[in-house]
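Each structure below appears as C-alpha cells.
Two complexes come next, and they have one chain in common, chain A, joined by chain B in the first and chain C in the second.
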Partner chain A sequence: MDATGETPRHVLTCGEVRTGLLPTRHCLDGRDAARLLALRTDEQVRVSERPNLHARSPDVLTGVDCRLPTANDAKIRAIGTVAARAVLTEGRVLQATAYFSAPAAGLDQRQPWGYYLVRPGVLVPLGRLPEQAVAAGFLARDRSAVPSGELGLGSIAEGLLGQLSRHPLLDHDVPFKSRRTRLRWAALPVQDSADASIERFTLDDDGLRTIELRLPQSTEPAAVAGLCEDLALHDWLLTTVVQKLDGIRMGAAEGAAVMNVVRPLVDHLLHLWMPSARVDRTLSPLWEVLETEPGFTRQWQTLVQRIRDQLTLQAIAAPAEASTAP
Partner chain B sequence: MLVFAASDKGGTGRSVTSANLAYRRALAGDEVCYLDFDFGSPTAAAVFGIPRVLDGFGHQGLHSYLWGTTDEPARIDVWASTERKTLRNRPSGSGRLVLLPADRDGGEFVTDDESLHRCVDLFLRLNAEFDVIVVDLSAGRSYAMDMVLRATSRPELRSVPARWLIYHRWTPQHVTAAADLVSGIVKAGADMGHEEEALAGAIRFVRAAVPAVGSPLLSQVPSTTARWMRAYDEKLDVMAANRGIGKTRVLGSVPLEPVLLICEQLITDEDVNGSRIANKATWQALVELSERLTDDAYWGQP
Partner chain C sequence: MTEAVFRETSAQPRTESVPLSHLSLELGHLHMEDLREGPDRLRRHFEAVRPWIDAARAGVAALTGGRTLRLSTCFLIDDYFTRFSTPAELVPMLLSAAGEADLTIDYLARESGCAVTEDVHLAESVMRRLVESPPPGSNGFRPPVSRTGWLTNGQRTPPQRTSAAMTATSWKPPSETGAVRHSIHMDVELWDDADDHRTWSCPFLAAVWQLARLGLLRDNGRPVPKPAPWNGEGFPDDWDDLPPLLRLTPSAAPFTAYFTCTVLPTRFLPVEHAVRVILDQIHVDSAALGQITERSAREGIHVPVQIADRASYVFPPGL
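Let's turn to the complex of A and B:
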C-alpha cells in the first residue's frame, strides 16, 4: 500500500476451478447458456460461438475476512473480495472458478468495506504477504478439509455450481454419470523477466489436481483463470473418458452394454477437444509445454482410437442386428 | 436413482440389507453411494467393515454437512478402506462403492430450511455422479425422513427417480406397523406437494430375516411346529394383503441368516461359495432384490 491508497500490483493469484458435466439431458444452445449464467443483472454473459460455443458469466464477488493457508502455519489475515465465475463449453461442460489476487503488502489495520469493494477480486493482507508460503499452503494436498476461519475457495466455487444446478433450465437427467474434478492453482511472478512456466502439475486419484505457475507480473488474474479453466476442461475430458472406458468389463462385455458406455461419449464429449482455443496469447506457450509432457492431445488421440476400435468391434460383432434394424 | 431405506421399527435389518444391496449393485457395475442418514445411530460403516470411519477426520460427516459446518461431507471408498480382505479386491467391471458416513457423535437433529437446501444440493450432486444413491433413514418417522420427503418434493428433484424400501419383520405387529408407516409417508408426502399416486407407486416392502420353514436353519423344528408355522405364514400373507402389503408391493424377502444373527456384515460370494459360512438362499435373495431394485418392471403401480 502506498500513500495514495493505490494497491500495488499483485504478487500472488490463486484459484480453484471445479469441472463437471452440465446436469441435464441435452446440451444448451447459446441463448439458454446465457440465461443460465446470468448471475448479475448489471453485467452481460459473454457468449461466443467460435471456435466453439463458450459462455462465461460475469464475476460475482464474495466478501471475506479470513486467514490464508500457509505452508509454515504462519498466521496471515487478509480482507477483501473473492471473484467467482462460471463458464459453459459447448453447452455441455460446466465449470466454476473462485479466485483472488493479492498484493505484496497491505496496511496493518482493517479498512472500511468501501476500500475493499473498489478492488474486486483482491484480498489485501494485513501487513506483509509471504506469497511463497501462501501459494504452497494453498496447493498442499494433505489438507483434507479447510479449517474454520480459513479461506475456502473450493466452497465458493461449489456454492456457485450448486446455485446453477438448481436452475429450472436443467432437468438432471444426465446422459451419463461422471465425476467432477477440482484444479487448484497458484501463480507467482517470474524472476527477472524469465518466460512463463509451469512449476508443478499434480494429479490425484480423488479428482484433485494442483498446478503452480510462474507468470509475468502484468498477467491479468482473469487471464490466469481462463488458462486454468481450459486446462481443467481438457483434464476432465481425459479423466472422464478414461474412467468410462475402464469401466467396460474386460472380455465379457456385451455389445449393448459397451454401446451404452461409448455412445454418450461420442455424442457429448469427443467434439469438445480444442486445447488453448481461448487462452490469452501470452499464456498459450504453457499449453505447448503440457502437449510435450504429459502430452494431453496425444493421450486424447489414443482414447479416441480406443473408442473407434470399440465401435468397429461392435459393428463386426453385430452385423445381423445392424442390417435388420430399421 | 435415489433409494430411501426406511423401516417400521428399529432392528429390522434395514441397514444390513441395504448395505448388501448397495454392494450388489456395485458388483453389477453401477456406481453406488450409501448415505448414512440414520443420525441417531449410524451403523452403516461397520457393516462395510470400516469400524474406525472418521477417525482423525473430526467433524466431516453428513451431520456437519447438513448443519453447514463443512461443505464436503467425507466420502469413503469402501473397496479401498474396508478391513475385510475379501472385499479389497474390487472385481473388474464393478462400479464404485462410496460411503458417506454420519458424524460419529452427531445425534438426531431438527432440520430447518437451510439443511433442506443442502440436502437437495447433495442429492443433485450425487445424482450426477452415481447410478444408485442409497439413503439409510432411521426407524419409523424421523426428521431425516421428513427432510428427504420435503427434498424430493422440490421441483429441482422432480425428475430424479426416487424409490422407497420399507423393511419389516414377518410378524403381525411388524406388518401392521409397516403398513401404518407407509400411510404416514404417503400422507405426509402429499401434504408436502408429492403426487400421492406416484409416491405410493415408488414404495415397496422388503421382508427381512424371515424364518422360512424348510430352510436349513429350521430343519430341526418338530413337524407340528412346522405345520403351524406354515399355516401362520399363510395367515400373515392374508393379513399383509388386507393391509395393502400384498405380493405386488413386496420387492422380496431375505431369509433368516445365521451369519447375520451374530454379525452385521456384507454377504460376499466367498461367504457362500468359498468358506460356505452363509446360506445360498440368503445370497440368492440379496441378488434378486438388487436386480429388482433397478428393474422398472417391479415399480410404478401403487
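Let's turn to the complex of A and C:
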C-alpha cells in the first residue's frame, strides 16, 4: 500500500541514468558525499559503507504534463512527477537518474495537482497507455530527435548533475578526462509469472546505452533504477578504461606517457569494480546474464591485467632507463 | 522477500509516526497590532469565535463514526514580522480572555517557530519540497521555484517586449491550471532576500503551520515541531525563550490531527487562498503521509488524499 491507500500497479517503468567522473581532484569521503547530495534539508542522504562507499540522495520530483514518446507516433499525454536522484560511488563516480513508472490507464481528464503529488514518480496517462509503443519509442529516441513538448528525462537528469556540479565542494580539476555516458532503460511486465529478464542491451557509439527489461509487476521502480545505475556504473568503467588504453599506443609510447594514462586509472577507478553490490535480490540474476554474454567482469579483468602488465613493464624499464641516463 | 541480514542505519532511515487528533482547531491568529489593543480586543475576539467553535466541534464529530472526539485547540502568535510586549505580560492576558469566553487554548505557538524551530529550518525544508504544478506542455524544462521565490497556480502573462518591432505582439492573459471555465490566477511571493537574510512570507509560514498541524513534517524521520510541556509557572520575558510550540493543557489531545479548522477574520482570506496554492504543490514525506492514510483507514475515517483539502476555515462575522 502507498500513501494513497492503494496498491500501485505499474505496467511501464522508464528511466535515464547519466554517469560520469565527479568533477573534482580528490574523491569525497562519506561525510562530504552526504553534504554534496543533500538535496533536501529534512531527509538524510543514504550513506552505505559496505561493501563499498555509496551515497544516494533523496528523490526530488519534477512535475510534467506532456506527450510521451511512442514508436508508432500515437499521441499519448501523461501527467505526474518524474523522480530524480543522484548517486556517488566511492566518492568518485557521480550518477544522476530520472525515472518514472506508469499505470495501464488513467482518468480521461487532468486531476488536481495534489492527486499526482501523492503518487511520487508516477506519470498517469490520460486514457489507456500503449505501454509497448511507449517503451519502444522511449528507447528509440535519440537526443537530437526528441520533438519539442515531448518528455525529456535526460534533461531532468542533466539538470540535477548541473545543480550538483555547482556545489562549492567541487574544484572542477579532474584527475583525468573522461566522457559521460547515458543509459536509458524501459521495463515492461513479464508474461505469466516468468522470471525477470534483460531483453536487449544496446551500445551506441555516441555514449547512449539502451536496456529493455521484463520484470515482475511487483518490482519497485526504485529497485529497477538501482539495477540500472549499477549497470551504468560498470559500463562507464569499462568504456572509460578502454578509451584510455586505446589512447596510448602500447609499446610505441614513451614510458612517462603510459604512466600518465595508467596511473590515474589505478588511483581512481580500478577499485570501483563491484557488480551487483546493492542490487535488489530479485534483480541480481540479471547481472549474471551479462556476465555470460558479453562478460562484463571478464573484460574488466583483462583490462586490469593489461594495466598491471604495463606497470610491470615500466618497473622493469625504469632502472634500465635510469642506468642509461647521462 | 526475506529481510536482509546486514543493515546499516545510515542507509535505511526510519520515519517516526505522530499521535493524531481528529481535529486541530485554531482559535485565532492575531498579529501584534491586534494584541496591542489590549484585553478588550481579545475578549471581543473570543466571544465572536465561540459559537463557531461549537459548530466546528459538532461538524467533525459527525466524521468520527461515533468514536470519542479527539480535538485540540491552538493559537498562533505572530512574533516573526513584528514583536510587541513580552510573553510574561501577553500570554496570561490571552489565556484569561479565552477563559472568559469559556475557551481553552491547548497549544500556543509562535510564528517564528514555523521558520526555524529547535534548530531545524522548517520553512527551508518545506521550500525544498515544492513541486510545481506543471502547466500543460511542461516536459521537464522549467526554472525551479527555488530560483524565483514565486509560486503560481497556473501560467503567467508572458513578458511584454517594448521594442518597436514587437509592438504587434498582443497581450496574453495569465491562466489557472485546471480552472473551472474561467481562471483565477494567483502568484504568491514565498520570500524576499535582503542583506543575506531571507524573510519568509506570511502565506508560506502559514502553509508550514498547516503542515505542522496535519502531522506531516519530519526532520530526518523525527516529527517536528514537538510540543514542549509547560511548567505552569508563568512565561519568560523574551519571545525567543518561549518554546515555539507549548502544551498549556497537560491532558490535551494530540496537537497533530487528521483535519485542521482555522477561525480567522475575513481579511485573511487572500492569505489562506495562497496557503492552498502552496499546499497543493508540496510533496510531503511519503512515509508520514502513508502512516496517516493507514491509521485513518483503521479508524474508519475518510481523510482526503489531497493535503489542501484537509484544511478548513471559518470566517465569522464581527471578527
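By definition in this document, the second predicted complex is superposed on the first by the 305 of 326 C-alpha atoms of A that agree within 3 Å, B and C clash if a C-alpha of one lies under 4 Å from a C-alpha of the other, contacts with A are read in each partner's own complex, and residues count from 1 in each chain.
In the analysis below, contacts are C-beta pairs under 8 Å (C-beta built on N, C-alpha and C of every residue); 3 or more make two chains touch, one makes a residue touch a chain.
Predicted model only: the values in this text are computed from it and were never measured.
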Room on chain A for both chain B and chain C (clash or fit): fit
Partner chain(s) touched by A:Pro168 [first = chain B, second = chain C, both, neither]: first
Touched partner set for A:Pro112, first chain B, second chain C, both or neither: second
Residues of chain A touched, compared between chain B and chain C (which is higher): C
Superposed arrangement, angle subtended at the Cα centre of chain A by chain B and chain C, nearest 10 degrees: 100
Touched partner set for A:Gly152, first chain B, second chain C, both or neither: both
First, second, both or neither for A:Pro120, with chain B first and chain C second: second
First (chain B), second (chain C), both or neither touched by A:Val82: second
Per-pair minimum CA distance [chain C against chain B, superposed on A] in Å: 8
Chain B and chain C contact sites that coincide on chain A, given as residue numbers: 152, 155, 159
Residue ranges of chain A in contact with chain B within the complex: 20-21, 23, 144-145, 148, 152, 154-155, 158-159, 162, 165-166, 168, 171-174, 177-180, 247-250, 252-253, 257
Residue ranges of chain C touching chain A (in the complex, touch as defined): 1, 6, 8, 10-13, 120-121, 124-125, 128-129, 131-142, 177-178, 217-221, 279-286, 289-290, 293-294, 297, 305-309
Residue ranges of chain B in contact with chain A within the complex: 29, 31, 57-58, 60, 69-72, 92-93, 95, 120-121, 124-125, 127-131, 155-157, 159-160
Residues of chain A touching chain C in the complex: 1-5, 39-44, 46-50, 61-67, 77, 79, 81-82, 98, 110, 112-115, 117-118, 120, 149-153, 155-156, 159, 281-282
